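Listed next: structures, encoded as structure tokens.
Two complexes are shown next, each including chain A; its partner changes from chain B in the first to chain C in the second.
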Partner chain A sequence: MAAPDRDETSRATIVRVLSRRRNTLGVTVGPGAVWIVLLLVAPLAFMSAVSFATIENFQIVWDPTLEHYYDLFAGGTTEYSLGPVGFTTTAFEEAIMLSYAIATVATVLCLVLAFPLAYVMARLNDRMFKIVIYLVLLPFFTMYLVRAYSWVLMFGQNGILNQVLGLLGFGRVGAFEYGLLPVIVGLTHAYFPYMLVTLYASLDGLDFTLIEAARDLGASRFEVVKDHIIPLTMPGIVGGSLFVFVPSVGAFVTPQILGVGKVQMIGILIENRAIGEATNPATASAASMVVVVSVVAALFLVFRYVSLDELGGV
Partner chain B sequence: MSRRDTVDENRSTSSRRVSRRAYLAGTGAVGLAAAAGCTGSPGGGTPTINIITWNDYAKDPVVEAVESNVDATVEVTSSTSSTEMFQRMNQGGEFDIAVPNNNLVSRFIEADLIEPVNMDIVSNYENIYEKFKSFANQQFTVEGNTYGVPARWGWYGYAYNTAEVPDHEPSYKIMFESDYVEEDLAGAIIMYDEAAKTMPVAALYLAEAEDDPSYKEALTENDAMTFSEEQIQNMRDLLIDQKPRLEGYISSDTTYIQQFQQGNFLVGHSGRNEIVRLQENQGVEDVEFVVPQEGAMAWYETAVVSSDSENVDTAWEVVNQYMAPTAGAELARAGKSPSCNPDVADELSEEEQALYGRIDPERIEQFIPFKDIADDVSDAYFSAWEEVKA
Partner chain C sequence: MATETSEAAGEEFDDRFFDRGRVESLLQGGLYGFAVLMLLFLWLPLLVIIVLSFVESPSVVSPGGVTLSNYGGLAGDTDLHSSVVTSFSIATLSAVIATVFGVLASFALTRYRFEFREIYRTFGIIPMIVPGVILGVGLRFYFQSVPGVDPSFLATVLTHSLYGLPFVLLIVTARLYTFDESLEEAARDLGADPLTTFRDVTLPVIAPAVGAGFLFAWVRSFEDFIRALFVSGISATPLTQWMYGKITKASVDNLLTLNAVSTLVVLGIAVALAVAMNVGNVTGYVAGTVDDDEE
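Up next, the complex of A and B:
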């Protein structure tokens, strides 16, 4: 009798080991779980712990305190008024509100710019689609820093935009100097592909005969968009918005380069507390935890209306 | 041996059976060798001294000049901030030497990270300008022990575009008062993106504008900046009012130079060395650096040696070499900044001496060294700076 094939025996052993439910789970989920635990859960847990720790002589002392959270919201001196109501804010509150405002504007801009393009791409034939998606995504094959620095040349008091306006006789425009507008443009540019690809996935699954039917039954173009296309692609809109909004809130590079120190988004404030001259890892961690919690709360609200399965398409 | 030969040899080696004992012995030997490499003492030979400091210290001519006079291999990790140097050393064990700016040395002492200077080894300490010795005595000498060696220095003022901004009496008023010169400077002013450098400018301006010398006293009279909370609020308000006139806050030399050349600002708070680079390396002529009448802040890099270093004496020898005329001259060339040791100037050409050579000690007397903020107002100080930036 011939000896059993050595490879066959090994294969049978592997199949037998893997067929046990616990081993199957270990092999399939294990590496991903270890990755997430080591690189996400553990740092987050450590950051959470540090946010409650005390700092003495620049060392972390495990003496729990809520002081760092209190300081984020207490003792604000910048005065604002909302009608008859006056209030003061801290730098942290201003930074987080500014970050949410900028991220919202960047998300809306991405949506408005990407939606028509995604719609056109969904209607194109295969060959034209490939050409368009290649042309649209081509700039994004370059490193983000390079693209961000290209905006540095465009903006500024004597940047290309203001120089062109000067040549045309309009004079310099203050909005084109470094600050809020360049940061919004930079973020919109950076995260545009995430919105575009998500919307395309959603629109590509759309049954366009429904739209034709609606038109045949007398719906105007506006009504078709409002009553059919938007509701049917809502998961894509929500998904794309998340992919733009969440990283925009915590953006660091774009406001650092295009804000030239004048746009203090939350990422910049945290960086200064974490590794800048105001070094204090506990306050930096507390600020980061507030951002994490606020973003998770926003996601929680979103997932009440859209399921996770729907986010990538229809 | 060709690459293929190596691969084949590895294959034949891997096919051999290796006993568990041989395997353990082998890994043990590799581990020991690796550990020896980490501690910088491979087999008791030339030690490796790891330094975290500014990029200029890592340039080949500088490192070669140091290594040629000391029995050590120098490995330099470049950093762009003193805070980063502090944090990396605070994380433990990695570096023998750091060279932060003087205002951060007190943090190293507070965190118990560094050794007192061994004056027997750092013989060049004797030669540095008396003023820097007095700065060192005031800022980082504890119970008679000095914890750092002033290495290289420079001063801050402002630079302006001479083609656009008319001649004027140098004053920080140009940054805070819109009618100080005829040129409209709205959106054309740059400040330094660091509280430690920009808050003192506000203090010096307020000392003159409000005829209140207490602002200047807070900068000069102690080993830290001792502003009151009220003074900090006034400085904050001044800087917030100034903000609409700014192009922004910049800390990188490269960005400063690029923005100046692009014509995005006309007046910029800056160190003298940035402007020397702008003139020497970029050939820019329409720029002038001035020291304002209110006073100028001076920085000086200070070499400190880690308490965790296994080669403390060798580390001080390396520091001593960075202060010596030969390596000191290379360092001055690399950063366009003068050494704290005036003897270094002897190694520089006449042209170099004019830019970063020996400085008249009387002139050094005019400068105020940057300092860390006093502990009791540090929260108010950093909050104020965050509010300025908000």
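Up next, the complex of A and C:
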């Protein structure tokens, strides 16, 4: 009878320990906090330290310098002129501008394309909804890599799209070759479900009788959308845009396999400096820090309008 | 749906309302048509992969004959097998860690008021939002400087356990917010100690959310490519790294093999999702609309 007794005692000890609030707090907060500090805060702090360090013979020397940031922004070689003003840009500046431009286009496309579908989903009956949500979730859960790869087959000089055009008697379309258009389509397709699910979550909570009331009182369709539906689903719109925009800015796989070197987004540049041909941990870190800072700025902006609880959708 | 009834009533009284009804139904048709188009947009490339996994040449013009040989070749591919085992191991280990830590943290966030609570919550969500390239690069440099970790299997498990944490946190906190704490008080009043209360009262109620959180963390790890690219090193090759190798060395054989593997992935997810949707309220967790009726 020794074993159960010991079991009882250790159990009693656990219960006694857990009944003190401070201990419970420690047990629940502790592990997650340790993980976040060790695997999120420390690496990001380390990376920001590396971005200020000197690199000698591929070794990090802890000698603070701003050289890597300076290199990112100074000594541009590509010349542009905007009216009378001429300026030059560095590869980094171009990559970051391109990334933000592509991410903006993908976000707007996702928003415009997903909103009607999310609206329809919110108004479906239970049976139909179950079928549609299954059709939506399946691509959502399917490997990102598979979805990106699926567009490798669709686009390209001899891709499915051009083959189909050929069968129909049209010529090949140059825009369907790997490059900007496939990257935008690939990103839109990849993050579409995130936007859809987030929009649906906020549309689902919408009181549709409000809209009917507004219509009955003489509001036009446009006014109803502008004055009621959009303001009421703002958390979903902002949250969904965040879930599309941020990962799109840092995208690597999609521009890599659909852009074939023609679309140099920031993710490719960072990968290139981190493990690729032009390895330099300090440059990779500095470039990452610039992106982190801009993402944090975006988050601050967003959380002025929505709280995390309202984001809901994963 | 009430819109239609009110219009139907309107038609009887006034022609003006009849016109409005026609415009309405036309718009409605357009809306539904657009929705169907969007579903097609989501599905078209996946369907193309599935169709092109059963042909002899990856082309719609000259696909050759229908064949199962693309699948036959997979059986003997030992690299593929070991990468699948690696991915399953990484996903399972990291999802377990993420679930345990995530559930504990969810209790802290919903039950207690403590200093830095808001910061804790924000940092708990950040791993999900940080672009994968940056999390991967940051952790790679970090692990390289920590003796004994290095980019490896262990490093990948650690990385994915951090990446999975927010998914568990979001789903389980959402459930705990709607949890009726008087149930626990009742159990305590009737003499149950905290452990018994947790096991017999709390856990059964939050179990579906915990399961959904685990599933999410698992899938996110299994499908992750970019973080693993930086932290898996040369010693561990998850499935996504194996697939990426085939994509970058695109030959007809590689494409056909990829189509077959991708089809199996889609099929596996389709079955798992169908089961999960019938067992629990997956849609509720995904769309954040968990209601109380499943208690």
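Heads up, the rule we're going with is that the second predicted complex is superposed on the first by the 296 of 314 C-alpha atoms of A that agree within 3 Å, B and C clash if a C-alpha of one lies under 4 Å from a C-alpha of the other, contacts with A are read in each partner's own complex, and residues count from 1 in each chain.
The rule is short, and it goes like this: a contact is a pair of C-beta atoms (placed from the backbone, for glycine too) under 8 Å apart; a residue touches a chain by one contact, two chains touch by 3 or more.
Only a predicted model underlies this, so the values are computations on that prediction, with no experimental measurement involved.
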item	value
Of chain B and chain C, the chain that contacts the larger number of chain A residues	C
Which superposed partner A:I275 touches (first chain B, second chain C, both, neither)	both
Which of chain B and chain C A:A95 touches, first, second, both or neither	first
Partner chain in contact with A:Q157 - chain B first, chain C second, else both or neither	first
Touched partner set for A:D204, first chain B, second chain C, both or neither	second
Partner chain in contact with A:K226 - chain B first, chain C second, else both or neither	neither
Which superposed partner A:E177 touches (first chain B, second chain C, both, neither)	first
First (chain B), second (chain C), both or neither touched by A:V260	first
Contacts of A:R11 with chain B and chain C, given as first, second, both or neither	second
Chain A positions touched by chain B in one structure and by chain C in the second	152-153, 158, 275
Residues of chain A that touch chain B when the two form their complex	57-59, 71, 75, 77-78, 90-92, 94-95, 98, 152-153, 156-159, 174, 177-179, 259-262, 264, 268-269, 272, 275-279
Contacting residues of chain B [partner chain A, same complex]	81, 83-84, 86-87, 90, 107, 110-112, 187-188, 191, 193-196, 233, 243, 246-251, 258-259, 262-265, 379, 382-383, 385-387, 389-390
Chain A - residues contacting chain C, complex	11, 14-15, 18-19, 21, 24-25, 27-33, 35-36, 39-44, 46-47, 50, 113-114, 116-117, 119-121, 123, 129-130, 132-147, 149-154, 158, 160, 163-164, 166-167, 189, 192-193, 197, 200-201, 204-205, 208-209, 212, 215-216, 221, 242, 246-247, 249-253, 257, 266-267, 270-271, 274-275, 281, 284-285, 288, 291-292, 295, 299, 308-309, 311-314
Chain C - residues contacting chain A, complex	1-3, 6, 27, 31-32, 34-35, 38-39, 41-46, 48-49, 52, 58-61, 97, 100-102, 104-105, 107-108, 111-112, 114, 120-135, 137-142, 145, 158-159, 161-162, 165, 167, 169-171, 174, 177, 193-195, 216, 219, 222-226, 229-230, 240, 243-244, 247-248, 250, 255, 258-259, 262, 265-266, 269-270, 272-274, 277, 282-283, 285-289
